[in-house]
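One structure, pasted below without further comment.
For clarity, chains are labelled A, B and C in written order, and residue numbers in each chain start from 1.
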Amino acid sequence: MIRDITLGQYYPGGSAVHRLDARTKIIATLLYIIELFVVNNFYGFLIAAAALFAVIAVSKVPLKFIFRGLTAVFLIIAFTFLLNLFMVDGRVLWHWKFLTITYEGLMRAFFMAVRLVLLIIGSSILTLTTKPIELTDGLEKLLKPFSKIGLPSHEIALMMTIALRFIPTLMEETDKIIKAQQARGADFESGNIIQRGKNLIPILVPLFVSSFRIAQDLALAMEARCYRGGSGRTRMNEIHFRRGDAVAAVLMVLFLAGIIASRFI
Amino acid sequence: MPISVKNLRYVYSPGMPDETVAISDVSFDVADGEILGVIGHTGSGKSTLLQHLNGLIKPTSGEIYIDGQCITDGKVKMTDIRRKVGLVFQYPEYQLFEETVRLDVAFGPKNLGMDEEEREKRVRHAVELVGLDYDEIKDMSPFELSGGMKRRVAIAGVIAMDPKILILDEPTAGLDPSAHRDILAMVRRIHDEMGIILIFVSHNMADIASLSDKVIVMNEGNIALSGTPAEVFSQGEKLAEMGLGLPPAKEIADLIKSKAPKFESSALTADETAADIRRYLEENRG
Amino acid sequence: MGLCYTQNVNFIEVRDLKIEFTKIDENGAEVPGKVALNGVSLDIEKGSFVAVVGMNGSGKSTLAKCFNGLLIPTAGSVKVDGFDTADDSTIWEVRSRVGMVFQNPDNQLVSSIVEDDVAFGPENLGVDPAEIRRRVDDALKRVGMYEKKDRGAHMLSGGQKQRVAIAGAIAMRPDCIVFDEPTAMLDPKGREGVMSIIKDLNAGGITCILITHFMNEAEQADRVIVLKKGKLLCDRTPAELFSDREMIERAGLEMPPAIDIRDKAGLPESLTTADEIAEYIAAV
């Protein structure tokens, strides 16, 4: 369900994790994701999972809230698991007709699933504990050095702000249009792929028209509120590195060392 | 084709932290040919309720019978329900998508599997019923029309499916006073000509009072009040508690009553209040 | 007698305003399109509360967009506090003086979180961070949304979103706010909330211009401007306007309920409110 997607949502709070500079959290999340792919054995995942749950505990975001985001992507995880389970050659554990499960396949499937789950939880922790505006401000500042080579860092950040803001609105709009066309007898569930594609036109055209209307309205509203690009703008909450960020950096280095060490166990 | 709703209940995201009871326990009946007015605030559950009536939402528990047939037991074909119950959403003009008015209005009938000839007849009739000149606009793009005309075309798209029950969710939202009057007159004409059950949602108490045979007031997922407009609007205090008002003509009649205790009036519309004032003045001027 | 100062200072002066939209013809060339406003002249006094009414397509939303230079006159002029809206070099002077609230509550909030959205305007103006914080808190308190400052915008009701949009305009500390059908998409409770905020703001000295379809809202203004097909039909006090049934019909409007009943019951024209009607009947 549309309401169940937690990725990109913010969970208000004042924990140590919430108070970290958005830049720290973005970099930490990126490092964490990279590390998940460095890990190659059980101990590594144990460290990675322990670290993640320690962060969740400190952030005080309810586990129930975090795991709901997983239900939306459950299919992807299950699919990855099965794909790995049956596709890897090695020591045969079980065989039936054309299906074969190997020891290596089982391990790979398990690791891949755990990796995905940790990755999704890890990145949702970033968005759950960081206000969208801080996230985009952080991104803007991180990208700032690249603006010298022509990267529009402010515009990219603003685009992200607006995207985060309008995802729920467009989801609702889509829901409304689908229902309105269903009420006119439209059928989105039967027929072959070409037929189904054609059936989407009654949704896509109104959605396209709506998006344009929203974009037009928003552009006017932004102009009316004196938006004129990034130069000369100030921020209500300037983001700053604090002592907490230094502590987080030290912890991150320790974690990194642990992960690398785990490869040699 | 009478409607009977029995102990309807609907819960959003059951078992989740944001579990919400949209409709807690709702029962009501609508008889053939009746006009039912529905009032209530955003979030009172009225939109959710209406979407149940043509099968867009399946209830958590409870039953809905249309013409004696249960539509909530999962056995009935969706196209059969949609054929019987037409639902026009708020701002229906936002669902237009075809290249021409003719094709757009024909979308519903086509989905119901009507043949070409039958379709053309229905489409023409529906467009004329909403008060537009079919020959003039049939080949125009719906996006070229004015706001009020777009809305009529969208309503025609549902009428062309020839429903026996028509549900309109705030058909006059966002219109100027004269377009508002036109749409209201159109709604009445559609009801009278097609001889159908009409259910409409409105925030405009004067419209509810002048159009409906029966009114239900939704509040926090329940029917808080129901009855004839006179019965419902005699409960001014209860309505005020829910943040809902009275038809202005009734409000004025009540105000007069509070200052001139001998003034008697059960008026709901401007014409009725004015007539009561005239009568009172004639009697009391001696 | 010495010098005679007039008390009323014009904040906005509109002279012979014409707005003509262009459209693209089949060959891709720009050609004149619809004339949305034609020869409109009017003044908005500082601190006043002016309603603008008229049918769909009368040009009232177009006029609203001229008040802060979102639309530039094809001919004629619009001056705000002495600044010409057609002058590119002072357009931000104009826009920081005239805030705007639009019809659709969903499409005008930029940020996902309430207080961040309210801060968007002052941030654009380059206001000092501590001052932005003060303005945002103050603006949210004025619209009764301070308690919800950390909320996600998509969790609010239409009426609440609209109040946040108003706070966004207030935080820019404008002299004037233009409300373009702010209540059209709200339910009665939301409508009432927005109207009482508008009246509060006006009482606090902000010039308010309200574009509306609802006569009971127009009735509360000091002055009502009626547009029809891009032309100014009349510019009067609500009492004067609503005593002229012919004008109301010509403009495609409707009478407020009390006056409608008064006329239908044949009561004297001197009665203009429900209270006066009730008093009159009680006195018979």
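Here is the rule we use: a contact is a pair of C-beta atoms (placed from the backbone, for glycine too) under 8 Å apart; a residue touches a chain by one contact, two chains touch by 3 or more.
The structure displayed is predicted, hence computed values, not measured ones.
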Topology of the chain contact graph, where touching chains are joined (line, ring, star, complete, other): complete
Contact-richer chain pair (by C-beta pairs counted) among A-C and A-B: A-C
Chain whose average C-alpha position is farthest from chain C's own: A
Length of the line joining the C-alpha centres of chain B and chain C, rounded to whole Å: 31
Centre-of-Cα separation between chain B and chain A, whole angstrom: 42
Per-residue overlap in chain B, given as positions that touch at least 2 other chains: none
Touching residues on chain B, where the partner in the complex is chain C: 41-43, 146-148, 173-181, 203, 206, 243-245, 248-249, 251-252, 255-256, 258-260, 263, 270-271, 273-275, 277-278, 280-281, 284-285
Chain A - residues contacting chain C, complex: 9-10, 12, 131-133, 161-162, 164-165, 168-169, 172, 213-214, 217-218, 220-228, 232-238
Partner chain A, residues of chain B touching it in the complex: 12-13, 16-18, 51, 54, 56, 79, 82-83, 86-89, 92, 94-97, 107-108, 111-112, 143, 157-158, 161
In the complex with chain B, residue positions of chain A that touch it: 1, 3-4, 62, 64-65, 68, 176-177, 179-187, 201-202, 205-206, 209-210
Residues on chain C engaged by chain A in the complex (per definition of touch): 65, 68, 70, 92, 95-96, 99-100, 102, 104, 106-113, 115-116, 119-129, 132-133, 136, 150-154, 165, 168-169, 172
